[in-house]
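Going by the order they are written in, the chains are A, B, C, D and E; count residues from 1 in each one.
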Amino acid sequence: MPSKKKDLAKGRTAFWNDPEKRSMLYQIIMLVILIICGAYIISNTLHNLDSRGIKTGFDFLWSEAGFGINQSLIEYDESHSYGRTFFVGLLNTILVASLGILLATILGFTIGIARLSNNWLIAKISAVYIETFRNIPLLLQIFFWYFAVLRPLPRPKQSIELFDVFFLNNRGLAMPAPNILEGFGWVLLVFALSLIVVIGVKRWAKNRQDTTGKGFPIISVSLAIMLGLPALTYLFVGSPIDWEVPTLRGFNYRGGITVIPELLALLLALSVYTAAFIAEIVRSGILSINKGQTEASFALGLSRPKMLKLVIIPQAMRVIIPPLTSQFLNLVKNSSLATAIGYPDLVSVFAGTTLNQTGQAIEVIAMTMAVYLTLSLLISLFMNWYNKRIALVER
Amino acid sequence: AADSTVKSVQKRGYVQCGVTTGLPGFSNPDDKGKWQGVDVDVCRAVAAAALGDANKVKYTPLTAKERFTALQSGEIDLLSRVTTWTITRDASLGLNFTGVTYYDGQGFMVSKELGVKSAKELDGASVCIQSGTTTELNLADYFRQNGMKFEPVVFDTADQTAKGFEAGRCDVLTSDQSQLYALRIKLSKPDNAVVLPEVISKEPLGPVVRQGDDQWFNLVKWTLFAMVNAEELGLTSSNIEKEKKSKNPEVQRFINGEGSKALGVPGDWAYQIVKQVGNYGEIFESNVGASSPLKIERGLNALWTKGGIQYAPPMR
Amino acid sequence: MSNEVQQNLMAISDEIMVEMRSVNKWYGEFHVLKDINITVRRGERIVLCGPSGSGKSTTIRCINRLEEHQTGDIIVAGTPLTNDLKNIEVIRREVGMVFQHFNLFPHLTVLENCCLAPVWVRKMPKKEAEEIAMNYLKRVKIPDQALKYPGQLSGGQQQRVAIARSLCMNPEVMLFDEPTSALDPEMIKEVLDTMIELAEDGMTMLCVTHEMGFAKTVANRVVFMDGGQIIEENCPHEFFNNPQSERTQLFLSQILQH
Amino acid sequence: MSNEVQQNLMAISDEIMVEMRSVNKWYGEFHVLKDINITVRRGERIVLCGPSGSGKSTTIRCINRLEEHQTGDIIVAGTPLTNDLKNIEVIRREVGMVFQHFNLFPHLTVLENCCLAPVWVRKMPKKEAEEIAMNYLKRVKIPDQALKYPGQLSGGQQQRVAIARSLCMNPEVMLFDEPTSALDPEMIKEVLDTMIELAEDGMTMLCVTHEMGFAKTVANRVVFMDGGQIIEENCPHEFFNNPQSERTQLFLSQILQH
Amino acid sequence: MIQSDKKLPDLPPPRRSDGAFGWIRANLFSSVTNTLLTLLAVYLLYIGLVPLIQWAFIDASWVGETRDDCAVGGACWVFIKTRLNQFVYGFYPEELYWRVNWVFILFGVLITLLIAEKTPYKKWIVIFTLTVFPIITFYLVYGGAFGLEVVETHKWGGLMLTLILAVVGIVAALPFGILLALGRRSTMPVIKTFCTLFIEIWRGVPLITVLFMASVMLPLFIPEEIVFDKLVRALIGIVMFQSAYMAEVVRGGLQAIPKGQYEAASALGLSYWKMMGLIILPQALKLMIPGIVNTFIALFKDTSLVLVIGLLDLLAIVQAGLADAKWAGYSVEGYVFVGLVFWVFCFGMSRYSQALEKKLDTGHKS
């Protein structure tokens, strides 16, 4: 085919036929489009902000907020700044999200395993649980739990009491709060020491188990040491904690720590909902493990629970972790629905009241989104690290 | 660069009006989805003035915390949503309040069985409150000033606030007094709740527009004044047709639409407002006054001639 | 060599280790095992063979209750196999099993694989279990791989680990289900050698395999199955040189040609 | 038969169809192809063999740019293989390829598989493409399967469809990458027969295979690779009966024993 | 030693001698733990289910017009009954319900045809569903052509709005998702980075902040002259958000296509876009259907979030109904109703996607 040879002489490649140059071109076009779009949006925004007389900037973060928040992990009252409301909301979000992740994981694993139980009833109930809760919108469930939690609880005057120090009513659960007095350092010191002792005992017990096979009631002994020694010290130095027991004054219990019902309801809703998904993930993770593994474990004489614990779950984790990660991310994002029942999370406090009182929508929304992005990123990073760590070693 | 709002409203053919997500007497959809209330009538009046048709309004239900952003961003032309006029809002949010449709003050509603007679007895109470309101700020001030403690329970919408109160989540519901009455009739047993006498703040409620468009600002402002003036002149939706022949020069000026050129609206703008929507007194009575379930007294909202403070500059 | 090995083998005692008495099994409506009778004495080495789908695997999997049989009795080391979980547990401790696909635990090292059952089932101290495991790993000639993961080993090495893992439980009987058929040809030999050594040490073995060389070398008896029944049962010499049934003859002609 | 086929084969012309001149390729740091020189004339049938991982697949995949080589020249049917997409396009049209795992498109029928490239690459009218496709399907003896989906065919039939699919583009050169090694023994023959027929018709072929029978029957030359280099290149008779290099001898001894 | 040379007969399996009792024993009381678990489960069911059935059925009131027709203690389904039209159509004019009904019917027929195994011309039905059907729907529901009266979007609501949001959201997200997924797999760093960032950012923020942005902030970013309907803006937000999720589904589908398919296509001389369009995407899309259905379920549930921006979807309109003093105190019925509607839809879809997954699992061996 001499004709071809002529026009395809080497070195005379038209640049649109050279994949490298072509991809360069595409990318430049893409960049230009992106820059134009970005510039267009920014110029529009600036123009609009200007024509509507909106001032931008982060100065507002330092002015006094002037409104109250009913749950704060750091010191806060009306006289603090808007900036501080950001941290109050952030911490509340982190609180509900981390508790939610913990609960959802425990519940999800339990139900996922129960779904595969050889007890017919248990397996069916788990299936019904999963199918019910994952097919109903979370928002609806949040409303449901909120009223389900609120309704049966009594007014503060008729509180349900536990040991005269815990009080449960429709304002939440009031608990004693510790007030640390002088001398408590000793207790901490002893606690630290007892930790060291426990570690030592653990080493010894493991050694004994390895060499002689004799077990040692390590959990109860270490609990005794960890709780007993500091408790003795505590009494010895003269009870240096003043428990502030909540008391009924006026409308409600004062003093102590109160867990508000919004937190309870949100936590319930988030973990019950997410647990349904986690359960499915766990189930399919377990089922994805080759049947040979089960058979080998049985052939070795392992019982079903031991097989699950020692052989199946450790392997299933590899399959479980990636989708589990996205459930965690979903849970964090879903915690923003707190705003629907008035739990003071980031969206409710900062992207809600603060945004509204200051009118700085762009700044506030940008900060809020940045927070969620960062949280997501941190969780992903951690889970990826964990997944790498448990990855199977292969050739 | 763009058209003034009056122009763009006329080009578009309707007014985009921000209202509440549901507050009886002020803005509330009936079970057919038709919006009703004082705030809604303000929107309708503006539409009647600008377009000659009070029905050319699109309502955007907004929660308290969305409202200013929605106005700033241009999503709505007019915010008529029980919004309190304060200096921060007026001066630094890029907004302009156009007047006062309702003079209100913040009050408290408690459940009867608590036996509370005064707000001063509320130390330590849990307070249901709507997020993003001046109420939220006043409340904090009031308790701080009186050396009392409180637990704010903050909800997104008026409905949810009422629900929370009803479910016993809080002892007190605080809001503007008018709203307290409105929310009270939403309770399943309205008689179990009482509104305390104290008024802890000034809450002048009025429509809001964006800064920088004086023509639109003026139109909304004068729409309100027209309604008050109409009441003062005795013009009502039923008699204005007859009054067209009135000899009273003030009435004539009113009906002939003084200032229509500058406002950029048709010559019968004021006439249309009264004809299609009514004067201020009518609006008040039918939505929140005696002929409504709320049965709120005129009080401060009576005309200045009748002992209230509703006062409108003359139309000349 | 055949004779040599046979001579080295220890005597067969009279003690019955496994007894299957008219065992029948169905998968749904499908009758897989029909009236199976097998008796295995201590020290005996039995090879099960037969065409694919004839029920060989099912037979030996019934012995340690990986499959449930419906009628007939199975008695292992004196313990009858019933629905009783206790009995099943006892039997599984006494019976080791090696699978076609090794079924090692990929998340544990070779040593951990071997120690798992002794520690958790026999409650052996870890130190002791590890010592024993190392012993068996030496015996299958891979002590140096103890700390590697199964994924890092070749197929032959993995199968030898699987054998060592079973041995660590010190079983009375070993079951093998086609232990070499997933292996590349070079590796088959190393596994067979390990099994032959085991046989020389007097282990009671029940082995499904197509390796006729192995059968000739170590089996006391060869059991031929087809269509879920036992067709013929004989000592290897007779079985290979003088098959009685037509079906056996056909099978042997196919398999030896290969 | 060998002689017979060899006689039937058409003469080899002088026109060079594929030329590789000191081709080198690296995967990252790993030097897979070391100074490869191969010349294929029109009508020649070349068999590439060598141990696993020696770079055979990589070599032929460089010819139609499924892999990129880094240094050296490859010229196919007069067109140099450069970065130029036009050239790559031209070459891919002239070169057909058959893979070990068939790689048929499972969502298309056999006929659609065959017509796809003629219609979309050669812009042939669909009618015409289908006629041609049916012709080639007849040639590989499965015209009656034309409307089935690949998933419904046996491995051997699938591989023959893959060959027909390549032929539909009317290529000047055909590359085969172990076309029979994913097949069950019974099916190997039907595919080899198809390939032999193709050879008889004078197709230029470059074939990676372990089927030494095929090599003896149809190859003009056998190229032996090891460690990324060409070790030996010879006519089949010499190659099998008189291998020069030690490595070739070793390889042959392993592969023929099997 | 022949044991038996003749073929033994295939016998039927022995019937369980112990019947139902044996089943119960084996499945519920096989061990001590199992027995305890069973008893616990039975107890929980007893304390949970009995009052529920009592409330929802036995003591419930079904007929009537007002709250006075409701007995105390049981569920008051009368409330749902009298409001049902509103829950389905929102504030859509009553005399125009037929327009929405036609869309529902058409939609139902199309979906049935698409799900059914042996529908002929499936490809054309898909194309019709994705192109013509949306246009028909738009003109039927919105009006403004063929003499149909315009019904403004703020009158839309209830189940109808929920379905519109979900369906439009998913359908519009698909093409974007495909482009994003292709971009993320691209070798061009700029495009890859952009697509990756786009996907990760959207997936990292909560939908309600997205909706909030779309509803009140979007106008800040676009020229003043351009006005979008609130519903359209919510849809833009949902589509952006959803396309990021869709991109991940598509990417999963693309990854499941074996490398050989790409190689065979290139070897035949197909260009990148032809290879994608003719070979890879058709196969990948089929694999992606379960993923798409799952995304759809998630979106369908998430549409309830539009209530925070004041759109009256099913949940919001029921809540609005609950705010009616005439029916105060029947919120449980309202929520149960919404929950049930959502559940029926989502459960149906999830069953379908599971069935599909199973089919793909067994049917894709070639």
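Note that contacts are C-beta pairs under 8 Å (C-beta built on N, C-alpha and C of every residue); 3 or more make two chains touch, one makes a residue touch a chain.
None of these values were measured; they are calculated from a predicted model.
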item: Mutual neighbours - chains that touch subunit B and subunit E alike; value: A
item: More contacts between chains, A-D or C-E; value: C-E
item: Distance-maximising chain from subunit D - centres being C-alpha averages; value: B
item: Most centrally placed chain - per-chain CA mean versus overall CA mean; value: E
item: Inter-centroid spacing, subunit C versus subunit B (mean Cα positions, whole Å); value: 88
item: Inter-centroid spacing, subunit E versus subunit A (mean Cα positions, whole Å); value: 26
item: Geometric centre distance via CA averages, subunit E-subunit D, whole Å; value: 49
item: Touching two or more other chains - residue numbers and ranges from subunit B; value: 1-2, 69, 72-74, 156, 163
item: For subunit A, residues contacting two or more additional chains; value: 48, 51, 147, 339-340, 361
item: Those chain pairs that satisfy the touch definition; value: A-B, A-C, A-D, A-E, B-E, C-E, D-E
item: Complex interface listing, subunit E residues touching subunit B; value: 83, 86, 90-91, 152, 154-155, 157, 212, 215-220, 224-225, 227, 230, 308-310, 319-325, 328-329, 331
item: Of all residues in subunit E, those that touch subunit C in their complex; value: 1-5, 7-8, 10-14, 30-31
item: Interfacial residue positions of subunit B with respect to subunit E in the complex; value: 1-2, 12, 21-22, 29, 31-33, 58-63, 66, 69-70, 72-75, 156, 159, 162-163, 166, 185-188, 190
item: Of all residues in subunit A, those that touch subunit C in their complex; value: 209-214, 290, 292-293, 295-296, 298-303, 306, 310-311, 314-315, 390, 392-395
item: Of subunit E, residues touching subunit D in the complex; value: 258, 260-261, 263-271, 274, 278-279, 282-283, 286, 364-366
